[in-house]
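The structures come next, written out as structure tokens.
The following pair of complexes shares a single chain, chain A, combined with chain B in the former and chain C in the latter.
And then the complex of A and B:
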């Protein structure tokens, strides 16, 4: 198994290289001049411009910029943002906030989605099931920023149940509302996936056998239906953590969360290649690690799967 | 299996005028229409019928495990002197397992793949308050041993996928008998297993239920098997019991036309009666036609000399490299070991063996879908591994066509029947679309399907109809050799008999040569001329059908023959 893990980690190297190169090219091709933007669209003296271009390697071809970035990243130096802060510090400050937000969203969607999906699957075609199907369809259909603003207005501004924006201090209490918004769409998917999976398992032969040996209905559902139904759901949840972190850009924007999404958004606007690329590299690594974790989890849940 | 019980005893199970229906939309579609049957304590009763006859539905109604929308609409089920037709949930759960056990049909799908086998049996003990905790663990091992599983202590901790099919069925038997029920419902308990395993398991089940005094309700489509194992037969047809009585009496003097047909088609029984003469006529006609075809083909694009031998396998060997854990380490597994045989034009060579014997690997090598490790397959005297240009390969494929076991999986569900049969014609660029349509009509006619079937899709056809379509598709290119890989194994006896007849007719008419691969010796007599018996990758015996059946040389062949259910039963006709 360790051989398998090693192989997967080695495979991550070309992925990271490719992703950073692609992002470098895209930021390079982005219209607008980062130096002018830095000076707030005011005229810049030639000397200052040359100076800054040299400092941020902007005078070199983009492939050289990329190689210089890679060289720095390998020695632990991610470069400096245009506002003069080391990128590593910026990421160190914002990343934990986003992780906290994404994990909260994941817990919310997993707990609610599995419970609702399990219940809906057991009572297929009944009123609860139909309601849940409609609700999940609505949640999937409405864009996340509409949901975000709506919940912010209703629960944050009108009812004051939760703070409407987060600001500097990202405590769990303050992150509740954005976490709900972030988890909503995935909640709908988890619900539907669990429901389908439960329905499928209910008609499995081994479930009938479990009934035939005299197990009470509750035990059959718990031990044989739910557990087997969770395999695809867990796989989905694992992959979803990566998506949640990347998808946090919109939610973090709405609720003004000082997370990595916000950082990336601002850096893209300013054309700050080192910051954008560093953030993306972190994201790619998160994705790679999560998908590896999912595969290992899959093997732990299903004894039929072994990696060599 | 046990002595007839005096009529004075109270019946254990008494089903009176049972009606079961499945709800489709607002309508009830009846599946069982007035079934009556009685089981006395310790007796073995078999319900026999084809799929769709309502035999499994009747059995599942007894313990209220009807699938989906199924429900009892009338009649009564009395068990142990009590009406159990409509029970509350708790009473129902109390009866299941402890009073009535179930051994289900397919051992592959009936164990939870995520739970250790031991734990699954332990559940049955705990749910019925037989034993708890450590005592239950010990009892599980005893039960597995009792069911004939070697090394039960270690086996109990394994997962179902680490068991073979026969072992799983033993585990399911241990589970069904765990709480010592008074009645055991065995629903086609061995139809998914090899014949020799089947016999061991049934023998074991027999002696076990005899010792424990458990009554058995055996559900099967195989009359031979039913007659061998049960004292009393109930024949079901279209949801009704058409005949019931002592097993031998029904077998020798069937009253109802359906029972008569069933007895005529059961391969295990019929092959005793199908005269060697019928087969000889088929062969004679086929060999003659084949000879004419050969004369026509002389010196065509394939290049080889047309010979009397269509296919010859010379010391075929296939070694698979299996991963053995660790870095790229492998162990060699010899699936096929120096197997040689020949297939003469217009005849059938059968390759018989249990699963894992390598017979399907041979088929794939003959089809040039798998490269042999050593040895060669010669078609018309030409080694097929030397056909390396596309044109020659295409010509070879055109003359050798396969029909596979599972008619559900070998037809593309998104293709209409027309398109499925047309595909090989298109691939080989034969005829205009008008001509192709005429060909397809003709092919459907050959396999006795109405031409209206063309526009339909595989899911609208029955298993037998689909297999006919697969045969029509194989015939589309006018091949000379057809490789039939377990082509009738997935079908009901009646349908099986029809398909075998069809294959015989087609062989006589078109001069085809068949390589017939099967695990079921019973059907071999109806179709084959030569038999190759395979065991663990080696051809242990090859001879003519008559010789193999009447004077088997090898111990293994004798074992296979003995395992044919009902083979020893005398038929009056």
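And then the complex of A and C:
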């Protein structure tokens, strides 16, 4: 088990290196001079330019810039943005907000999706099942930003049940509406996955055995059907946390949430290359760690799977 | 010579003359056996969901190819005097903030969205099938190399990576027109989309590669290359086709998302994503909802059709998945 974890972590190193190099190349290997952009209309003196180029390592070859960035990142120093703020501070401020938002979305989609999917699977083909299938199709087909607008309009602007935008402090109460929007699409997937899994398990041998030995229907459904149906769902949820954090960029834009997605988007717009590469690096790390966690979860939940 | 019947044996022996073989229908050995694709088509034909989505998609395709059949109004003709007017006779979807006719914009916007979806899917499927088949079939260092490169691209989230690459592209290739804009979005989505298809194709090829008929083909002397082309790839195609159909809808949504973020198609391109983005400020005020409703509805119907088609194709091609 620990051998497996170590092997996977070792395998993740080239992936992380490659991904940062790729993003670094996309951000820095393009024409245009960030120093000129920094000064706007004002003329730049040669000394100030040389000074800034040295500060941001722009005077060094591309590969050296990247290596210096990596070296800094390993010691927790992500450099300074062009506007003069330490990037680590920017990420330290925004990352927890996005984690909070993504975890809330995950809880909402998991609870609602599993309950609805379980119910629909037990009563396959009945009215609740059909309704939920239509709802899940609609939720998947309508783009998330349209859903976001609609919920913002109905609950935020018209009914005043929740604040329409989040703004400065992101408390749990303010984040509920954005979390619902963020979790909606995954809710549909959780629902469909749970439903399929429940239907599959209902006709499984161990469930028939449980019935045959006279266990009451409720206990069979809870202990034998639901439990085994949750294995694929839990692994989906694990992988989804990373997707939610990356996908939060749209939701955070609609509700003005001060999260890492908003930070990334604004950094791209303003040409803040040091911030962009750092944010993407963080997202890649989240993805790599979550996929490792999912594989371990899979082994923990399903005794048939063992990693050597 | 009479047979000596031992006690108990006689009832097991049926005299041949009394039970003539019944004549059965002749088997046409010249025709090939019904293949996977014929079976799948049979199944698809009897699925009403397939027909509903196919008819819808055919209609959408006609709209994309010949928008002039459905409207004479220029989608770029602004009539500011009628800005935000609601649906009315002659203008069934009303006007948007710029005074554009919303119906005409919805009709003309189909082409950009659907083109991005189809081209990206073709691109991703081609690259993914090629790399996946190579990795799965040749194994060893080819597999190592392709899989690791795919991992690197896969680790970068689609929308985030697309935003970064598109903004980089804006610096080198600004002021691209209609087709330039479409192709830029297609390329960027394909750059981050191909690893998924590579993984699926690789898995399918690995599964097929070790089946007995592949050994048989090798035994009768077919070369490695012709083996891959004529036996392995055709038999590994089913999961690739299913994924491609579903991802058509995914890429259409991705284009709309990028355009909504203001970084996808240039604003001069008439597209559903751009119109939804433009409707954003209208919706915040809670009035003139028709400006959002019609382009969003068109987008949703298109995506839904592709998803339903994908579901139907999956049911037809993969009988194991037909449990739900």
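To be clear about the criterion, the second predicted complex is superposed on the first by the 278 of 308 C-alpha atoms of A that agree within 3 Å, B and C clash if a C-alpha of one lies under 4 Å from a C-alpha of the other, contacts with A are read in each partner's own complex, and residues count from 1 in each chain.
We adopt the following convention: a residue touches a chain if its C-beta (ideal position, glycine included) is under 8 Å from a C-beta of that chain, and two chains touch if they have at least 3 such contacts.
Please read these numbers as outputs of a predicted model, since none were measured by experiment.
Asker: Applying the document's definition of touch, where does A:3 land relative to chain B and chain C: first, second, both, or neither?
Answerer: In the superposition, A:3 touches chain B alone.
Asker: Could you look at A:269 and tell me whether it touches chain B, chain C, both or neither (first, second, both, neither)?
Answerer: A:269 contacts chain C only, not chain B.
Asker: May I ask you to decide whether A:214 touches chain B, chain C, both, or neither, giving the answer as first, second, both or neither?
Answerer: A:214 sits against chain B, while chain C stays out of touch.
Asker: A:302 contacts which: chain B (first), chain C (second), both, neither?
Answerer: first
Asker: For A:205 in the superposed arrangement: first (chain B), second (chain C), both or neither?
Answerer: After superposing on A, A:205 lies in contact with chain B but is clear of chain C.
Asker: Which of the two partners, first being chain B and second being chain C, lies in contact with A:284: first, second, both, or neither?
Answerer: The answer is second: A:284 touches chain C but not chain B.
Asker: Answer with first, second, both or neither: which of chain B and chain C does A:15 touch in the superposed model?
Answerer: Touch status of A:15: second partner only.
Asker: By residue count, which of the two partners contacts chain A more extensively, chain B or chain C?
Answerer: Of chain B and chain C, the partner in contact with more residues of chain A is C.
Asker: Is A:233 contacted by the first partner chain B, the second partner chain C, both or neither?
Answerer: neither
Asker: Using the superposition on A, tell me which residues of chain A are in contact with chain B and, in the other complex, with chain C.
Answerer: none
Asker: Where on chain C does chain A make contact in their complex?
Answerer: That would be residues 148-149, 151-153, 155-161, 163-165, 167-168, 171-172, 249, 253, 256-257, 260-261, 263, 276, 280, 283-284, 286, 292, 296, 299-301, 303-304, 307-308, 323-324 of chain C.
Asker: Quick check: in the complex, which residue numbers of chain A touch chain C?
Answerer: Chain A residues touching chain C: 14-16, 18-19, 22-23, 26-27, 30-32, 137-138, 140-146, 149, 152-153, 157-158, 164, 192, 195-196, 199-200, 242-243, 246-247, 249-250, 253, 261, 264-265, 268-269, 271, 276, 279-280, 283-284, 287-288.
Asker: Show me the residue ranges of chain B that touch chain A in the complex, using the header's touch definition.
Answerer: 63, 65, 67-68, 89, 93-98, 101-102, 104-106, 109-115, 120, 123-124, 127-128, 159, 161, 172, 175-176, 178-179, 323, 325-327
Asker: Spell out the residues on chain A that touch chain B in their complex, using ranges where they run on.
Answerer: Within the complex, chain A touches chain B at residues 3, 203-217, 219, 223-224, 227-228, 231, 301-304, 308.
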